[in-house]
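Each chain carries a letter (A, B, C and D) given by its place in the written order, and its residues are counted from 1.
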Amino acid sequence: MLELRKDIFADERDDNLKEIGKGTQRQDMLGHVTGTSTYFGDHKLQGMLHLKVVRSSHAHARLRRIDTSDAERSQGVRRVIRGADVPRNLNTLLSLINFGKDDEPSLAVDKVRYNGEPIVAIVADSEREAFEAIAKVRIDYEPLPTVFDVEDALKPGAPVVNETYPKNTFTYHDVYDHQKLRFGDADAALATADHVLEQRYQMSPIEHAPTETNGAIAAPDTNGRYVVYTSTQALFFSVDTCAKILDVPSNTFHFIGGTVGGGFGGKVDTLTEPLAILGAMLTGRPVRYVFGREEEMQYGPPRGAERIYIKDGVMRDGRIVARKIRAYFDSGAYTRLSSYAAVKCAAHLPGPYTIPNVYGDVYCIFTNRTPATAMRGFGVTAMDFAIECQMDKLAHLVGMDPMEFRILNAYRDGDMKAHRREAKNTALIECVQVAAEKAKWPIREEFRRASSRKDGGGSRAAIPPTPTESRARPAAPTQQRTTYDRLPPTVTREPPPPTPPPPSPRPAAPSHGATRFSSVFGTRRR
Amino acid sequence: MTRHRGRGMASINYPIGMNLGGDPSQALVHSNPSGKFTVALSSIDLGQGMKSVTRQICAETLGVPVEDVYVDTADSDTGPHCMGSFASRGTHRVGNAVMAAAREARGVMMEAAAEELEVNAADLETDGRGNIHVKGAPHRSISTKDVAIAAQFKQGKTISGRGIFLVPLSDVDPETGEMSPATCYAHACLVAEVEVDDETGEVAMVRMDSAYELGRALNPRLVEQQLVGGAWMGVSHALYETPEPYYPDPVHGPRDFVEYLMPGPGDICPHDIAVLERPAPDGPFGAKGPGEMCANPVLPAVANAIFNAVGVRIDDLPITPEKVLRAIKAQGGARPQARR
Amino acid sequence: MSVTVKTFTSSSEAAAALSSDRSARYLGGGTLVMRALNEGDISISTVVRANDQALSRIDASGPRITLGAGVTFARILAERDLAFLHAPARSIGGPAVRNMGTVGGNLFAPSPYGDFTVALLALDATVAVQGGFGARDIPIEEFLQSRERQAGTLVLSVSCTRPASADAFRYRKVARIKPKGGSVITLAAHLPISGGRIAGARIALGSMAPTQIRARAAERALEGRSLDAPSIAAAASAASEGTSPSDNALGSAWYRREIVGVHLRRLLSGQE
Amino acid sequence: MSKTPLQFRHNGRDVAIFVDGGTNLLVALRELIGDMTPKFGCGQGGCGTCSVLVDGELHLSCLTLAETVAGRSVETLDSLKQGPNLHPLQRAFADNFAAQCGYCTPGMLMAAKALLDRNPQPSRAEIVEAISGNICRCTGYEPIINAILAASGGRASA
């Protein structure tokens, strides 16, 4: 049941519109209910071949030998594709926006870095014949030590997952193994806070599970071009990725898609198009490469896991004065898009609240698991879980109603956000008020009267003095320049404040019986 | 008493468009000789309603009925570049590109109509029903069909428009993280009520109440689809889903829809939604994007409701019955908090 | 090579074809064999079918009922005389799977499937099989324990004694997803009452061991006693004894051991 | 490769095709007959997107050996629309915005039809049961349940 609250912010809108705001039927609904909407897999081409891949059975191993001779002779096999057949067998998705280094082969050559990594592709007359040939590919693995935990991956001596990033971390700004966010002096504020609460949060990976699996059909077309029917969520992303991997001009391809059976972020990675096209190039026949469901679930990229540590300082009156966050994105064996999500996550800190001292370190970590990718709420979903669970605990700690606690700390128009941009067009307070009203959750009058458009700015608009961290900058960038390093970094000019005294350790005595917090809990400073 | 009810809430915001910008989308709009319009895109409809929402944006901007507009996507030979359907960028980025293209096409259409009606284009307006008339003089009118015929066959004009929308790429300061991540944000608050079985750790959804601020609901039915389906996904993320049930140990990964857990039609609960509209200055008609953020408040609201019900905090997603049961046992039993 | 389909009119011919070919699998409702083929299981190159009417026969008139191996769950649900088996039949899949899946196939369904078999185990069913050496009846428990070796045999039917009353047989499938989900654990209890005392208690569990098993300790706790709070509590606390559950995507061994007693108590005491 | 002749009724029309051994009904319908309305979602029997009616009973075409429908009647979503008129279920799905990506819709509609053919006035619980073998990842099921209720003359509300 959906109710439009036109009464709120009415003065900011012109509702005199004809088509906008109407619940017009979807353009695609008739196609959907009659089954005539055309998805990539609904294209039937004469003489179509089927492509299946041989996947690694090890999470981390050197490939000593790949023997495809029996597979090549297997009935119905038209072509066996190896890494050497891929014109540019190393890519990273965001190289299209010049972010990050090529780190992922289309077909593994000398090493596999996750269980299920593609090693060989078989193009055959039927799926059955492709499966039969797959069983005939012999691969000699030399297993290597694995690492699956993001914090283990950072430890000295941890197995190197991806040699492009030997520290198992993505490199930011050529020098850092994480993205920083610095706003004010969080440590100083924590030292003077009434309560400090430090917590650990964890989100396991999540699978997109669209009802239509990833797939593509590629076929030779006239003029040396290839037509490609695809489930992609990002048509030109896929076109340009294929052009790079296959080393041909992008107008070699005619991509057709746009009607996709669910994506949720899981169809951004251009997983099937390059090999389907390569298969079509090598055989001269239409080639179809579609994930089975188990492939989609286990080897299609998930929303990556995240581990988040939050340390907050809160005053007895409910004001949060400091928030320190350390977050680890589990990127799996390759970068894909996690590097980007970490920056988005840093920008999102400290959530929709005005906190005068914020400190964030966000890491993109490599482990021996299926590479992660974007998903609905990318970079934010797990952080919001952590922040909002933390907010509930803080409210509990100071004895405030959680709704009122949100309103008290909510960002308002004119406030300075931690990424140093003014908050505008905010509406968190109104959402809390309306949700409370709908849920018949009583909040006090002063909180019912609060407004995103009032009481912001002023001292809340200031950028607080922020301590600088000393570090030796390398003389010259040692790595590929990214879009993020085109300008010299601006270093905050304020001198560092005197180091605050270290907080005295106190026994973690829960102030109420119900909760068991894992670390520092409710340590009173005054 | 083995089942306990509890309520929890969470409030969130969400950035619209690709972080830092630098993610353009283009649109082409043109009329056929009968005054029917085609929007050519390369954007993807994954079910979120891309085709439908851009169609309404185009119709509104042109001043023609929605039936006179058809959105054709996605073909890399005919549709101009679009970064893709992700990062809540569809409505905002593509919508703006379509608006720009439709504005340009409308300009030509109004000029062509002005020539036919022998007036100044600035004195004309559309009625949204397929006609263009002189302001204040509805009888001095011409149909968009007749304008299109005249433009094409008499005046030699193409009623068409090009649009692009680009939020320029922001730099990121390596030391402070100073950056311009997004130009606008959507907001939400959600209250979840759950029932927790303290002997099995099972959590059942009882109901949800929510408020979402989305700039403008361009099509409330499409918004409702996103919010209802997105909240379901939020419940799913909160309580059920993962391809690695023993993360970080990668064992026992699900292989099918029986092993990969998502709430079934018997697990859903009533959900009352309010939509608020604070227009984004740079959104098409003020719109932001509801598609991604709708799931996010559900996860913590459910976790907080579980605490309210039985007094345990589960900080690891998904919140499986096992985690709840272990926590209850470690605590020595359920400790219901004050009812909300 | 494509798959060869061999269709026979008699079950004995089908059984012979099955036992003589290691790559042959018998196709019942398709939910196991067709899935395997779709997923690229190349160990199957022959699919054996039988159109024998006997395989789809239901004999539900007397005190002992017999279900042909090819009887689908939907047919059981349509049979009023089989009301005691409706709960387990309804717990299988969604409607389409129930229209296709068969009693015989369920005996071979690997974990987390095979819930109907839990009910049959509690009912002390007998499995009639036809192998290379002719037909014979095997107690279901023995059949399950030797299931790996039954690949070349054809199940013809399953039979069991009808419970004396609706109360005497209870079934519960614990699933995360409603109304259709994979089993976390599945419980079935047959508690014949004689003179106010339980005589011949049978409790069967699914997902508590590599195959469906009997909870003998719980059975002993009930045997000869009346079904009351103390005996139920004793059975519940003995429920996990002798079990060897494992971790899987639906739950861990620890969790299964923790809740099996809770659910057994609820099942026996008639709680939700 | 040996092919097996197969004849059956497809949406009221007799069809004759040749299938490879082991071909499932979904492949036969889509690739040999050209009826693209049933979709591939998993090939495992877990999603219901390939649902069709075989002699009026809901079946998963991906788990149906094509040869087993010889002489039987197979109905797909393509059979629902009569000329220009949508079936009441199709109309109700549209009116209730019960499709987003649309990929599960053919299977959902067949599951709904199988229900209403036997039980024209189902309860909400019966509807939930009837679609329990069909996965929808977009809608959260509520609009689908409401659509089926509406098509059966019930009230479209929670």
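What we mean here is this: a contact is a pair of C-beta atoms (placed from the backbone, for glycine too) under 8 Å apart; a residue touches a chain by one contact, two chains touch by 3 or more.
As the structure is a computational prediction, the values presented were derived from the model and not from experiment.
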C-D against B-C, pair bridged by the larger set of C-beta contacts: C-D
Distance from subunit D to subunit C - Cα centre to Cα centre, in angstrom: 28
Between subunit B and subunit C, centroid-to-centroid distance (C-alpha), Å: 46
Centre distance in Å when subunit A and subunit D are each reduced to the mean of their C-alpha atoms: 35
Rounded Å distance between subunit A and subunit C, as computed from the means of their C-alpha atoms: 43
Residues of subunit C touching at least two other chains: 2-3, 37-39, 179-180
Where subunit D touches two or more other chains at once, by residue number: 20, 22, 42-44, 46-47, 97, 99-103, 128-129, 131-132, 135, 137-138, 158
Overlap residues in subunit B, where contacts from two or more other chains coincide: 45-47, 49, 221-222, 224, 228, 230, 233, 245, 253-258, 260, 262, 264-266, 270-271
Overall pattern in which the protein chains touch one another (line/ring/star/complete/other): complete
Contact footprint of subunit C on subunit B as seen in their complex: 199-201, 240, 245-246, 251-255, 258-267, 320-322, 325
Residue numbers on subunit D that touch subunit A, as the complex places them: 20, 22, 30-31, 34, 36-44, 46-47, 49, 76-78, 80-81, 86, 90-91, 93-94, 97, 99-106, 109, 135-138, 157-158
Of all residues in subunit A, those that touch subunit D in their complex: 1, 25-26, 28-39, 41-42, 44, 126, 128, 208-213, 259-264, 290, 292-294
Complex contact set, residues of subunit C against subunit B: 112-113, 174, 176-182, 247-252, 254-255, 258-259, 262-263
Residue ranges of subunit B in contact with subunit D within the complex: 45-49, 221-222, 224-225, 228-233, 255-258, 262, 264-266, 268, 270-271
